[in-house]
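Look at the two complexes coming up: chain A is in both, with chain B in one and chain C in the other.
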Partner chain A sequence: MTDTTLPQPTVSTRQPLFGRRYTLETRQQMAMHWQALVIGLALLFGLAICALILVGAGVPAQELLNEFVVQTLFDAQNLRAVLFQAAPMIMVGLAGCMAFRARFWNLGLEGQMIWGAIGATAISLFDIGPHALRLPLMMLTAMLCAMLWTLTPVLLKLHLKVNEIISTLMLNYIAANFLLHLVYGSWKDPRDNFPYSPPLQSFERLPDFLAGYNVAILMALVITAITLWFVGISRAGLYLRFVDANPRVAGAVGVPVRKMIVATVLLSGALAGLAGFVVTAGQEGRLTQSFYQGYGFSGILIAFLARNNPVAATVVALLIALLFVAGRNLQVFYQIPFSMVQLIQAILVICVASSDFFIRHRMRRIQAGDC
Partner chain B sequence: MKQVNALQLSGINKSFDGFQALTDAHFTACWGEVHALLGENGAGKSSLMNIAAGLYAPETGSLMVDDNLVRLSGPRDASRYQIGMVHQHFKLVKPFTVAQNILLGLPAEPGSYRTRLQALEQQISAKAQELGFVLDPRQPVEQLSIAEQQRVEILKVLLAGARILILDEPTAVLTDQEAERLLSTVQTFAQQGAAVVLVTHKMADVKRFADRVTVMRGGKTIQTLNPQHVSVDELVRLTVGESAQAGYTPGPPAGPLRLQVRELRSPTGSGPLAGVNLSLHAGQIYGIAGVGGNGQGELANALMGLPQPTEGEIHLESFGDLRGASAEQRRELRIACIPADRYGAALAGSLSVVENFAIGQVHGGRYGSFWRLLGTRMRSDAAAAVQAFDVQGVRSLEQNAALLSGGNAQKLVIAREFSRDPQLVVVHSPSRGLDVRATQAVHARLRAARDSGAAVLVISEDLDEVLTLADRIGVMNSGRIVAEFEHPADRQAIGKAMVSHD
Partner chain C sequence: MDLLTHWLGNAPDFAVPFALAALGLILTERAGVLALGAEGLMLVGALAGIGMQLGVGVAGVSLLVAMVAAGAVSLLFALMVLVLRINQVIAGLALVFFCQGLTGLAGTVFGWTNRPVSGLNTVELWPLSELPLVGKIFVQNPLVYLTVLIFIAVVWFLYRTQTGLRLRAVGENPQAADAAGIPVLTYRLAAIVAGAALIGLAGAYIAVLSTKMWIADMTGGRGWIAVSLVIFARWSPWRALAGALLFGAIEALIPQLAATGVRLPQYFVLMTPYAVTLLVMIWVALGSRESASQPGALGEPFIREQRR
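Let's look at the complex of A and B:
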């Protein structure tokens, strides 16, 4: 009899604790709603730790809820800021989800954002295309440039087995230095001495669809829908699940594994490029030297917390954006350093990562007196 | 006072993640006997013995050694009570020598590594001689054959002081001759006063070598009896609950030539294939017999389109060389592959039964265009296939394929692969790890494919399987087909070709 016929539990028996015994078993699967509950509880636990730290840092306990929820969500200005901040976050988060679903550890989200921004800015600088088509053209160029930037590591991985973790990460530095070369050099705004490009013209900037609400968040939601279709409804989604589950099996059952990996990773790059475009044409209004910083980490973090699920990624990205905006307010009102926001992020990640243990294992008490 | 029992398990219950593997199981082995534990796959034999070896903790029930109640906290604890288990899948460190592997499993003692190792090497040679086989303690394990590796495993538990020896399916990986030698060795060991538990599903082994047999079915121990007092038919009836009997059935006369393998070899130094030649006709089952490790795995990979560097040609009529065919082309050619490693090459364990079934036909557009998958149709087709191919244990179509037992996972693979009316079927070890009934079901499917005109190639290390299935048999030895036989073939002659070295 082979071991595959049964669920394979690995049991590590604990010493009796107050006369009881516990066993730890691995479980094969857990219903989705239970998983959500476990992750939710882990988040709550993490938030409780964060609350304690914030109180310790000098935020009055009774003000916490007020600062984080009431002030940020029910104040129109802050809500606009949250949504504004959320749009590129959602895009990099989805970019992470896509790449990770193809088992491609894309740590190059920042480099891809940079190339998206450079591509979009180039259209503006060289005044390409009629004004009415300027924004769509910038958008497409941003996606195309980022895709080309992603093509190298994915081809290197598939053909020469070059580890993409290293290649994408290193390419970030090349992109960042090229960006510096541009904004300190030929693309520098001649009117002043700061390292940024000339400002985009008004028709090159992302408009508001409602007073104060930028169209970027709508773009982000459309992209969420597209990725959801891609992984959940299209045939490619089924292929991708096989590639993710086991590439060898996928190849054996006729899934075009290489094509799927290339297509999905290019999609990931395009989404990151789009995020670069949104930051440039929405938030900054020009190419700046450090607009991308922090997004790479956030994208990976969002994808991880969301377990590569597009809808969950959108929700998590909104929460992270909320955290950022609330963090800025805390900075202003309580002189709490912004690094506190990073600390909170890190605590939440650790809590969710740890919750995996309870999804994969089951702890059971064995009645005392049994063998 | 009555005879002291070596090992006694009573009232054992054990469940895994909601699945009741053992229900009120009782088992008693006495000193001086070979006690067979007989049952189908999934009957709970291995689970029960893993409890005896301290790997699993039972939920209820008691374990007695020498009629004393004991509680095991792990395999090391079990070895303190002189219980040793040889698992079906060997747990050896490949690059280490025999002696190093055995030293690993021994408790720490004073003395330097070098002196202990030297002392151990002598002990190994002595023990091996006592049991009647030769083993060089300084040879790395990776250079040993499967049978020799098994001897290392047995020596490992014996030198750790085991007097209660549990062997889990020991003959599954051995040739007939090797199996016979092993079983007579353990018989001698029992006659010297030890207790041997032989976990098996082979009736012949039970009849010839066991003093007593306990039959298990569905997680329960059914009956303990003396195998000399019952017929094989009776034993089979007890294990499967019904009489199972099937032999070779001829099909229609073979049709035109369909597949020709010509001089297929591994590039120099990269594999064992050394010029395989064979021809396969439509409506024919060609069986490849041989001792494991003679290139069967590599041949199977090459035929199934799995990554495997080869030279030579695999010529499919009206297509050409299959080696260069893409996954898409192989699909269009209606080639069905049933690999030996189900979860490594055929099923994605973490995906659902529906997904694993539907992936077979999704490419052709049966489940909607590229833009939209038709979930309802996928589910209804999968449900129909699960029904038609008698895949059991599917509590929900959305459950992970990894939750299926070996036989049912195999049936799911067959259901998917045969849903496309194959013209060429390549099968590797189709019944490995399957019980009698599941094996018969799988064999029936292969015969049905042949009868409807497919060319079927069966690669199996189980000679009985090849003999019951194949119309034509090729024996694989050292990377080549060294002999071919038409049905009915002489078992002795095949066995000789399997082991001869020239």
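Let's look at the complex of A and C:
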């Protein structure tokens, strides 16, 4: 620049705004605490938008904190409801994590839940096995049925490269119609006119371990621990990280890539089936026509927000369960439709996904004259 | 015989939403943007159309407003994938969930659910409508005929104009297009909004002209079927139209079968569109190992500072 004998570079002929320009560049790495701050700000931004929508839909602004935090956490009945709701939520969240770790977009969580519930209900309806073993048997059948339902899309993807997003979604619709076929048809409770199966008997229902606290949440925590062991400690988990990082290199160093993917996705399906079992044997007490609605999306969302980490997924699932319970209360007290819960979740996902941009990029000021 | 006439006559009515949605998707995906949000945008179009139809009652206005509404919501998607460079699969799924929540909420809050509206009268193409057997095909509402014109216009635009050529170039190789001086992101933005408008029109068609009311989640996976239809059609508009007619024929058959009194398990019949979609996907996968006709840069964000 100091050498005045050379002509000026052509860049300076452009008229920069206020003598400086900005450029966007990719950032190599951002410290963990800054990342946490950015994501936190994104969540706050999302929550602010949700609050605005809620107020617009008719919830008094001063009641928001009360409805979502005070009422749900400090009211014993609501807290029980949150924990009860959290059990299937944790399971579908973990199911999402497992599938994503195998790079498989499992949007079929709802269909797998349906098959889990159908399997469990079949054991009850056809009176299979001794009473003492009934619950474990229902659980196993639920997992098995859901796994079988998951086998089709994963094999189609591996062997024919059929897009799993579409195949799993289509299988959801098929499963949902089959469920309707059962609850409106041969499995309908003959005692009344509603589309549901006969109620499960008392020994087929998940018991409480404390007054009002269902054993389902303990099951969910045990499954979190098992999943954590699977992805963090076991050999399969190590292989899976290989496959996730680079399937071709993993194959080259001798990791059974296909087997790992199939096994992990089937596990994901089994977890979703278990969630179906928990809803049927825990909350509903019978096979109903729409018990699964909303779980598929929430499972994907939990896995995405938790970045496929089982412990984080459990925490996020608890928060989503809280949102569900608060959403039901809003439905009762303010006639806010339950779609609000889905809208809030979608806004949070969009905000957190957007925050990634600010983690991976930065603005840099260019002085007039330099490149 | 009567059954066949009715079935043939109803098929175009059921095919139009698939055709318009698939055409919108092709427009967007030809510019290299993977558009998984069709299901959500169709719902937005459907709700906006019904809202307008309940308020003003002029079908033409309702359909236009539906297109504008879907185009406006797609700006959110454009922000996500073009500016913020979010993974297009995540952005598309998030858009579907966002639209499902939004329309479910708005439909209930505004009280638009289950309120019947008046659609459009049918128009006969006179000499053709008197033909035996196939005559009913030519007694349709005006939008069915308009759909054919829209197809011709879009195909002409994509393959016969310079702008269309540039749009396809952006989808095939954005780096090269950029080097040739084509504003890649502007083209992609335009493709997203224009595609969304067509998808919104498809949704409004279902709500305003077919069902004639709004029910939450009423598109029932048709947006996803359109996504697979585009893969089946290998991103070619005419093949997409043929595929849409196939699905329209299948959907039109469902009420016809019920009317004949054939005792079929109802819910298995309702499964058929989804099962056929799955089979079509498998068939496509079996047929061509390499998807050569897929736009080269489909699903890849264009980031100028990362030249390859």
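Descriptive notes on the structure:
By our rule, the second predicted complex is superposed on the first by the 329 of 371 C-alpha atoms of A that agree within 3 Å, B and C clash if a C-alpha of one lies under 4 Å from a C-alpha of the other, contacts with A are read in each partner's own complex, and residues count from 1 in each chain.
What we mean here is this: a contact is a pair of C-beta atoms (placed from the backbone, for glycine too) under 8 Å apart; a residue touches a chain by one contact, two chains touch by 3 or more.
Fair warning: this is a prediction, and the values are worked out from it, not measured in the lab.
Residue contacts after overlaying the shared chain place A:L133 against neither chain B nor chain C. Judged by the touch definition given at the top, the superposed model places A:F297 against chain C, while chain B stays out of reach.
Legend: residue contacts after superposition of the two complexes on their common chain; A:E25 is shown touching both chain B and chain C. By the document's definition of touching, neither partner reaches A:A76: not chain B, not chain C. In the superposed pair of complexes, A:L171 makes contact with chain C only, with no contact to chain B. Judged by the touch definition given at the top, the superposed model places A:V222 against neither chain B nor chain C. Legend: residue contacts after superposition of the two complexes on their common chain; A:V311 is shown touching neither chain B nor chain C. In the superposition on chain A, contact is made by A:G254 with chain B only, not with chain C. Once the two complexes are overlaid on chain A, the chain A residues touched by chain B in the first and by chain C in the second are 23, 25.
Partner chain A is touched in their complex by these residues of chain C: 36, 76, 80, 83-87, 89-91, 93-94, 97-98, 100-105, 108-109, 216, 220-221, 224, 227-228, 231, 265-268, 270-271, 274-275, 277-278, 281-282, 285-286, 303, 305-306. Of all residues in chain A, only 23-26, 53, 57-58, 105, 107, 156, 160-163, 165-167, 169-171, 173-174, 177-178, 180-181, 184-185, 297, 300-301, 304, 336-347, 349-350, 353-354, 356-357, 360 touch chain C in the complex they form. Across the complex, chain B is touched by residues 1-9, 11, 13, 21, 23, 25, 27-29, 233-238, 241-242, 245-246, 248-256, 362, 366-367, 370-371 of chain A.
The touching residues of chain B, when paired with chain A in their complex, are 16-17, 19, 21, 39-43, 45-47, 55-63, 69, 71, 73-74, 88-89, 168-169, 199, 201, 304-307, 327-328, 330-331, 337, 339, 342-351, 355, 358-360, 362-363, 367-373, 399-400, 402-403, 405-407, 409, 416, 432-433.
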